[in-house]
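Letters A, B and C name the chains as they come in the text, with residue numbers starting at 1 for each one.
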Amino acid sequence: MNAGNRRSRHAARTGLALVLPLAALAACGGGGGTDTAAESGSGTGTISVWAHQGQKSEDTALQNAVKSFNSSQDKVKVELKLIPGNDYTKTITATDASKLPDVMEFDGPTMANFVYNKKLAPIDGYVSSKTMANATDASKAQGEINGKHYGLGMYDSGLGIYGNKKLLDAAGVKYPTGLSDDWTADEFTAALKTLKAKDSDGKPLDLQETGGYNNEWGTYGFAPIVWSAGGSLLKDGKAEGALDTPAVVSAMKTFQSWKTYVDPNTDGNAFAKGRVALSWVGHWMYPTYSEALGDDLVVLPLPDFGNGPKTGQGSWAWGIGADTKNAKAAGTFLDSLLDDTNITAMTTANGAVPATRTALAASPLYKQGGPLQLYSDQLAKPCGDTDITKSCVAVTRPVTAGYPTVTAKFSEALNSIYGGADPKSTLEKAARGIDQDFSDNAGYKIP
Amino acid sequence: MSGPAVAGLIAFVGIPFCYAVVLSFYNVRLGSPLEPTFFGVEQYRRLFTDPDLSGPFLRALLNNLTFAVVVVPLQTGLALGLAILLNRKLKAIGLFRSLFFMPVVFPMALVAVIWRLILARSDQGMLNSALDAVSFGHWGAFDWLGDGLTAMASIIVLSVWQGVGFQMVILLAGLQQIPGELYEAAELDRASRWQQFRHVTLPGIRGTLVFVAMLTSVLSFRVFDQVYVLVKGGGLDEDATRTVMYQAVTTAFDQNNIGQASAITVVFFLIVVALTLIQRRVVRPGNED
Amino acid sequence: MSTTTSTGMPRRQPLRRFLDYAVLSVLAFVFALPVIYLFLGSLKPSDEVLDGLSGFLPTHLSFDNYSAVLDALNSDSTGYFWRFMGISLLLAFVVVTGGLFVNSMAAYGLSRLKWRGREAVFTLVLLLMLVPFESVAVPLFYMFNDQRNTLPILALPFIANAFSIYQFHTFFRTIPPSIEEAARIDGAGPWRTFFAIIVPMSKPAFASVAILTFLTQWGSFLWPVLMVSDPSVRPLPLEMSVFQGQLPPDWGQILAFGVLLVLPVLVVFAFFQRWFVQGVASSAVKG
């Protein structure tokens, strides 16, 4: 133990401390820079699959799909791992492509980032042409970058306000029947006021605040306010002048003013138990709500802030890991996952809009006069992510590799505004933060 | 003989720390296809002069400081009070000691969840409901975690609840080392209880008290778990409770901005070291061991 | 010790005694409320947990929440409850035993053996004690990114611990040198002296370090948050936060999960309480 030569040891240690970090910086600094390529492989064997952990009912539907796939044939065995939804995107980002699974789910708007980071391989050629042909146009459009497809979804999303007909009528509140007679933000606020007077705790609205808004729900659920006020999250690669316009600021002020009407809904049962008359949430609550309310359930569009009613679009999709050694088997699994049986089971579990032509056509929920007709009406008027006009409804979140920053900054701002921060300075700050990050990353250009 | 541990410390503390210094001078992103580029002191410039970044960062520093300034005296004082109360020969005193110590073994992730329910902002929340009952219905629901003024206080309360037992046990041990004869002598001198406390108890546990205060202040700069859990799932006001560590972790993990997060880490470290050194300066002279 | 207590208040009157109990009981009750709430809530149906003060009424008690937690976490895709717990236990075991070994050895070398550079190394240890783990979490996260979702990286950074070394160091310094001299005369080298003589004498220090390390390790959260996404290597506290984040939240089940999370530590605490108090006291008071 007696250190014979302390000086040289000391020097070595200092040297090590200095050199190691630099070596490591050089080695792993490039991140996804290493070349990865999917190999088609034998088409048999075990493949790993990652999916986001969502509603319990969705998880069960997915687990069942995997189970029946595994028992239906013995060539490919699927090992499914569920990863918490709120951490899902960071998890993929933080994981080196070589450690990613063969098949993975991803949230639609993050796809461009994963293509940019070389986490995803194109699925063309691995997924059968039948599956590709049966996908809805929206699903295919969401999955396409530079002419290649990187993912297909099981479902598209629907966002609206669920209403409790009994409570609304009892309070004498007038509510829209569809997109054409949508309520304005002022009418919506007035409705809240009327409902408040009749509500036992004075809190007639649910905005799903339980997990906070500093997450994808914040962006998905409330970016429509920005769009409906004539703004956007990103315009020509810049947020300044798009996200912080006076119209958006004033719309956000209105949003902020609703907090006094909001039931915190810590138990998640506010709407199902009739504690609130209105619940602003996506398709995934439909099964629970319809079971609880039956015929008293109505689905209403989000309020119009001047630029027409808007809603979110796009949802979770499935792709193939950039470094898979068994893309063929991955394709086989995707073909099975995206068949009508599985899609119908999944969309029955979560109330989402099926993303294949046949399943959509067969669904009783979305047809004319069906309970969720509003969702298909909304999706039938797509805006894309740039051309947000007054007449279109379903807006795609910005298609850019910098989306994680956009959503992080926007949802953080939204969360602070809801908590009482000044909308103007908060939005301006978010916009500057987004632009700064884009310039630090050379505009997130996909090579 | 000291080899393995020292090697471990160098590998997992020393080198990473030097690495953080290096990284803080680069524009480096996790998982980005772009090569890291040398950034000079840009990260530091942003932290201190760019209002968008320095705002939250300085706020985080202030939050940390508030937390430390309140928690160190509060928790040490409370621990001392409990220790004195419990330093008696009463029946079942062991049971009481265990009770006060029990929260210490609770993982912070769990403590945060329990208090999230107690402080829930609806009128169903435990605290709101209790206040409503004692005020005969005059208490409206209050958003303890979401209000900028009470958010930090909530974090402080739950942290003290969880931590105070630890300091109490240490102080209790210190108290028990004071020879009983000293009190008997003081008794003979007709010293009042306050005088006994002032001239026998305090000098007797001075060293322990200093140790406890230092331990608490070092710990109080590391607050992370409870803030993370409550911001992510409990409607906690982020601005009012964001700590420096929270800021560093979210910058690295949520925004993949390793360079920026490293710069925060380095500043944080310098502050902790500076504070510790000042503290040692202040308490050393009377406490030669 | 006579009838005088150590705080030196002789001839305790019954009234005083009653007051003491009253004050202590009230304080203890307030202190225990969150714990009572946790245990009671874990036995109640979810919609009765968050229901104002009636959350404290012991109504409709059952172990349903517990079986629901165990049922929900019982597949490859979600992970297994017992596996989460096993991983936490394993990590705690490795960090505690590994830490006792290397840190006590290091402290012995630094306090009892004479070698060149000893003071320098000890200063380094004291300096590293100031570096909170939190401040190296970010670079570690970046350096070991390719080790994500592996077990060793969850334990390794915590084995060597400057604070443990310091605790052992302060304890070893109190051992009279004559004991070692006797061993040396018997021809024992430093290793044998350490393991045969010093270690058995230092049980309180070992107990104290072991329990402190166990507590911190069991609740370890930040590092797993950064390094683990795979449910097959996820420790229990991280799963607690995952479980709580699942929508819709089922508070009864979440509290049942919480009880299961804290029970092992409570058991350890119940058994080793005496050691803990002695150990913490010995290292702190003399330090």
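By definition in this document, contacts are C-beta pairs under 8 Å (C-beta built on N, C-alpha and C of every residue); 3 or more make two chains touch, one makes a residue touch a chain.
The structure displayed is predicted, hence computed values, not measured ones.
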item	value
Chain located farthest away, centre of chain C as origin (C-alpha)	A
Top-ranked pair of chains - ranking by C-beta pairs in contact	B-C
Rounded Å distance, chain A centre to chain B centre (Cα mean)	36
Averaged-CA centre spacing for the pair chain C and chain A, given as whole angstrom	39
Between chain B and chain C, centroid-to-centroid distance (C-alpha), Å	16
Contacts with two or more other chains, residues of chain C listed in rising order	50, 109, 113, 139, 142-143, 145, 190, 245, 251
Sites on chain A at which at least two other chains make contact	1, 21, 24, 86, 94, 96, 210-211, 266-267
Multi-partner residues of chain B (at least 2 other chains)	1-3, 14, 19, 23, 28, 30, 117, 120, 122-125, 232-233, 253
Chain B to chain A touching residues, read off their complex	1-3, 10, 14-15, 18-19, 22-23, 26-36, 52, 55, 117, 120-125, 141, 143, 146, 148, 231-239, 253-257
Touch list for chain A against partner chain B, complex	1, 13, 16-18, 20-22, 24-25, 29-33, 86, 90, 93-94, 96, 116-119, 201, 209-212, 214-215, 263-264, 266-267, 404-405, 408, 412, 415-416, 419-421, 429, 432-433, 436-437, 440-442, 447
Touch list for chain B against partner chain C, complex	1-9, 12-14, 16-17, 19-20, 23, 28, 30, 82, 84-90, 96, 98-111, 113-115, 117-118, 120, 122-126, 128-130, 132-133, 161, 166, 169-170, 172-178, 180, 182-184, 186-187, 193, 196, 200-201, 207-208, 211-212, 218, 221-222, 224-225, 228-229, 232-233, 245, 248-249, 252-253, 258, 261-262, 264-265, 268-269, 272-273, 276, 289
Parts of chain C lying in touch with chain A, wherever the complex brings them together	46-47, 50, 72, 75-78, 109, 113-117, 120, 139, 142-143, 145-146, 148-149, 190, 229-232, 242, 245-249, 251
Contact set on chain C toward chain B in their complex	1, 4-10, 17, 20-21, 23-24, 27-28, 31-32, 34-35, 37-38, 41, 49-53, 55, 101-103, 105-110, 113, 121, 124-125, 128, 130-143, 145, 156-157, 159-162, 165, 190-191, 194, 215, 218-219, 221-222, 225-226, 237-238, 240-241, 244-245, 251, 254-255, 258, 261-262, 265-266, 268-270, 273, 276-278, 280-282, 284-287
